[in-house]
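Two complexes, one shared chain (subunit A), two partners (subunit B, subunit C).
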Partner chain A sequence: MSRKTGRRLFWAACLVLCLAGFLVSLLVGPVRTTPGDLLRFIQSPDRVQSAIFIDLRLSRAVLAFLVGAALALSGAILQGYFRNPMADPFVVGVSSGASLGAVVAASLGFEAAVFGFSGPGLLAFLSGLAIVSLVYALSLRRGGFKVETILLTGIAAGALASALTSFFLFMRSDSYDQAVFWLLGSFQLAEWGQVATIAPWVVLCLLASAWLARDMDLLALGDETAQALGCPVRRVRKVFLAMSALLAALAVAVSGIIGFVGLVVPHWVRILIGPGHRALFVSSALAGGTFLLYCDLLARNLLAAELPIGVITAAVGAPFFLYLLHKKR
Partner chain B sequence: MAIIETRELSAGYDDGYVIHDVSLAVGPGEFVAVLGRNGSGKSTLIKAVQNLLGNVRGAVLCGGEDVFRMSPRRVASMIAYVPQLAEPVFEYAVEEVVLMGRFARQGRFEKASAEDDAAVAEAMRLTEVGSLSGKRLSQLSGGERQRVFIARALAQDTLLLLLDEPSLHLDISYQAEVYGILKGLQKDKGKTVVAAEHNINLAAAYAERLVFLKDGIVAAEGTPEETVTAANIREIFGAEVDIRENARSGLPEISLVGRGAGQ
Partner chain C sequence: MSAAAGSGKNAQERALVLVALLFLAPALILWVPVLKGAQDLKDDIGRPFPLPARTPERIVSMAPNITEILFALGLGDRVAGVTRFCDYPPETRSLRRIGGLVDPNIEVIQSLDPDLVIAFRGNPLRLVDRIGKLGLPVFVLDIGEGLEALFPLIAKIGRVTRTEDRADDLAAELRSRLEAVDIAMLGIASRPKVFVLLYGQGLWTCGGESYVDDLIGRSGGTNVASSLPKKWALYKRERILKDDPDVIFILARSSEDFTAGRDWLLRTAGVASVAAVKSGRIYELDENAASRFGPRLLDILDRVAKLLHPERFGERP
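Up next is the complex of A and B:
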């Protein structure tokens, strides 16, 4: 099978799964609803059903899709950026930084909502971006920086932030329940305000990354080779790093830390459709969104109590990942 | 006029210059090899003249234009580069890699034009990689991969080709094959070729002019007959060699006089 046919099949499968996922998300929930109810609601909307279908279920499904798309795109960018299929949005410290911000806000009782973010969400967003900026600044050397330096600095900064997070959790153990939300991720608090806040940025980053995708193909061959072929390496690298950090920080700010999506989805997609970054970016976003949509369905329906979604992404993603890795050989 | 010219060029990395005050000119259609020990600055020179290094002093002119003031895109439209062979990280297919040579001539959202496709096909024909079509880089031998990278450089459609040790890590038959292709490009397509090379015999057999670097300074320069002498090799490489004429080409060749060898 050629890559082109494979790509078409992949997109068709993703679209079908995605639409099916949205439909199921609309129908399943604590209040029993049937497809008939949904049809009747579409023909003659009423308030109660609107609250269930549109404000509770659709907003949550859309948010899950957007966050999945953001995380997977961020991961796809960083794997190209570091020329390493093991990189993910969290290696540069975004997640640890963001969770530190959220836990600090939660333990200080900082609750005010701004721009569709909750208090901890806003602080998570800011501290996630702050730690990437710090990592970047620390990695700068005269005449440029080395990619490896950023990676190692990110790991060190992430470890430091994790230690501080644990410290705050230890000191304020009464904030533990809320901290679990941030550390393992959840869409329990989904609402349209959050969707409106992150959607424009996700779309913008997707367009920009598709625009610069060929530059990323060149970067994958090495910085000097890329520049010799005509890519303005330093500028392109800055834009990609900023986009990946922004996407990951936005995702964490609305839903806490959801691991595994950013690492595994771009990796799957690359195995299935090849390494060309334009198709990879768009497909990763689509596949990541779809994947998280289903994970959220499982998270809220598997047990009577809602599970943190981070548990599901890893439990479902890891075996599938192993399967693909071994099938490839 | 020289196609590329350095004027008192010093260049290096964060911790200082590796080459010092190098002034050289390469005319159109020449085949020049840059020789020297490891660390003598061969690769540094090849990179510096296409503005890939941050730490430079002096000037490089390409077609009379200052390379250090050009955008990467402009440089790529005048100079093509074949870097040292490296392991591929992602599994690009052969055509995808060759098409990357067209980057500087494409808009970012443009699809490959008929011209791009023609350039890719021609580059693959000249380097005889057509039969590798559809394969991934990781499935190729070192020699095949090197030919693909030369094809990518040809797809850039420039007059000047720079190569960084194209024979490195290759079996002896592939070394001759790669240099044979480069020689053909010079003779038939009028390309100017400048290659950093560590193998003196290989360079002397294919290049018309040799530049020897020692500690980042030009130590000798001229035709193989003028420069490949026992005295030069002792001075530049610190090696004792015998020089003889190649029985077929009449070009000078070195053979190592190892201590205790063959006695």
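Up next is the complex of A and C:
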């Protein structure tokens, strides 16, 4: 099978799975609904059903898809950026920084909503971006800019932020539900406001990364070579880092930390369709969104009470990842 | 001629206005309190709440104590959904469950199409907000630090369900029982030191901000953990030995739990040398009633007062 047909097959499968995922998301929930109910609702909407189908289930599915796309794209960018398959939004400290901001806001009782973000969501977003800027600035100071330095600085800053997060959560033992939300993620509170807040940015970053993908391909050859081949290395690196940080911070701000998507999905995609970055970025976003859509379906339907989605992403993602890795070898 | 016609017309108009005013005045007087009421009602997180015109028909209760008060107000048949912890009165067991306190299911609540959702401060506020965003009327209540706070709580639930009269009756009944204990405790000679154990994991007890602390004080005792500025607190073993409580109450779900708690306290906890253990004054309190900020706290108050001061209730000390 040629690479091109393989790619087409992959896209077709992803699209079918994605559409099916949305349909199932609409039909399945704690309140029993049949396809007949959905059809009748489409013909003559009533208030209660509209709230369940549109306000609760559809907004949640769309948000899960967008966050999955954002995380996977962020991971794909960072893996290319660091030329290191271990990279994901955690290593540059975005996720940990964002959860720290959220937990501090919650501890201070900063609950008001601004621009579709909750108070903690907004602070999560800002602190996620702040920690990446800090990591970047610290890495720059040592004369030249080295990828290893930013990677290690990021890991250290992330560990520090995680420690502070745990400290704040420990100080407020009554905020257990908050702790679980920010450390393991959930789409329980999804609403259209959040979708509207992050959708434009996810689309914009996807377009920009696809447009700059050729430069990312050149970076894979090494910075000097890329420079020699006419790629403005410094500028391209800055833009990519900013985009991946933005995507991850947005994702954490609306849904808490969801691990594994950013690390694993780009790998799956690379194994299945090859390393070209343009296809990799677009496919990672599509596959990441679809993956998280199904994970959220499991999270809200597996047990009577909702599971944190981070539990599902790791439990489902890891075995499948190992399987693909070994099959490849 | 034209002037006279004009003045006649004016007089007619004036008469009309007068008649209209006569009819309107009672309506206005009737309306003023209603309008004022609508502005006055606020929930316990300070959000204004439009007062419903009639008693809501499908009420969702998001906490066991709220469920109890709703039933005590005779609204049992209007309660559409309760939490999985709501088990009193027994009629609640056949009701639709909306989930727990921290994990209520929004979709289930929405499917019940409630015209009133009563939440409590222990529900995650973000979740309460999400329910509000669906357009459901959510009224949030807090629990108080003392038994007195029961009265505003009942009054607010009465107000928001438009059962003000029944709420007044219930409050009056509870008030008379509270005062009976207050009177019985006038001029008591001693205040036994009390330790309350929440049986479960370790030496959990009630601090000074808990309504249980107030309940013990009203029953003529002193809570040894009173100085802890918390509702619930993990107590230190050495401090119990030093405090040397005269009476220990164990909050237990069943008599087996109580026995297990007492055995644990005597054998494992290392506090067997305190006065309460020596004199055998270790008593059970129904956790189900004592842990809910509702009308049954008066039963607990009666029981604690009688156990601490039997001489005050015409029983042999």
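Convention: the second predicted complex is superposed on the first by the 325 of 329 C-alpha atoms of A that agree within 3 Å, B and C clash if a C-alpha of one lies under 4 Å from a C-alpha of the other, contacts with A are read in each partner's own complex, and residues count from 1 in each chain.
Everything that follows uses one rule, which is that contacts are C-beta pairs under 8 Å (C-beta built on N, C-alpha and C of every residue); 3 or more make two chains touch, one makes a residue touch a chain.
Please read these numbers as outputs of a predicted model, since none were measured by experiment.
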item	value
Fit or clash - subunit C, subunit B, common subunit A	fit
Partner chain(s) touched by A:E306 [first = subunit B, second = subunit C, both, neither]	second
Inter-centroid angle subunit B-subunit A-subunit C after superposition on A [Cα, multiple of 10°]	160
Partner chain(s) touched by A:L56 [first = subunit B, second = subunit C, both, neither]	second
Touching partner for A:V48 - first (subunit B), second (subunit C), both, neither	second
Partner chain(s) touched by A:S133 [first = subunit B, second = subunit C, both, neither]	neither
Which of subunit B and subunit C A:T149 touches, first, second, both or neither	neither
Subunit B or subunit C, by number of subunit A residues touched	B
Overlay on chain A, subunit C to subunit B nearest C-alpha distance, Å	43
Contact residues common to both interfaces of subunit A (with subunit B and with subunit C)	none
Subunit C-facing residues of subunit A, complex	29-31, 47-48, 51-52, 55-57, 111, 113, 118, 176-178, 181, 188-189, 191, 304-306
Residues of subunit A that touch subunit B when the two form their complex	3, 83-85, 141-144, 211-212, 214-215, 217-218, 220-222, 224-225, 227-233, 270, 274-276
In the complex, subunit B residues that touch subunit A	13-14, 47, 50, 52, 54-55, 71-73, 75-77, 79-81, 83, 86, 88-93, 96-97, 100-101, 103-104, 106, 108-109, 152, 156
Subunit A-facing residues of subunit C, complex	99-100, 102-103, 105-108, 110-111, 113, 124-127, 129-130, 133-135
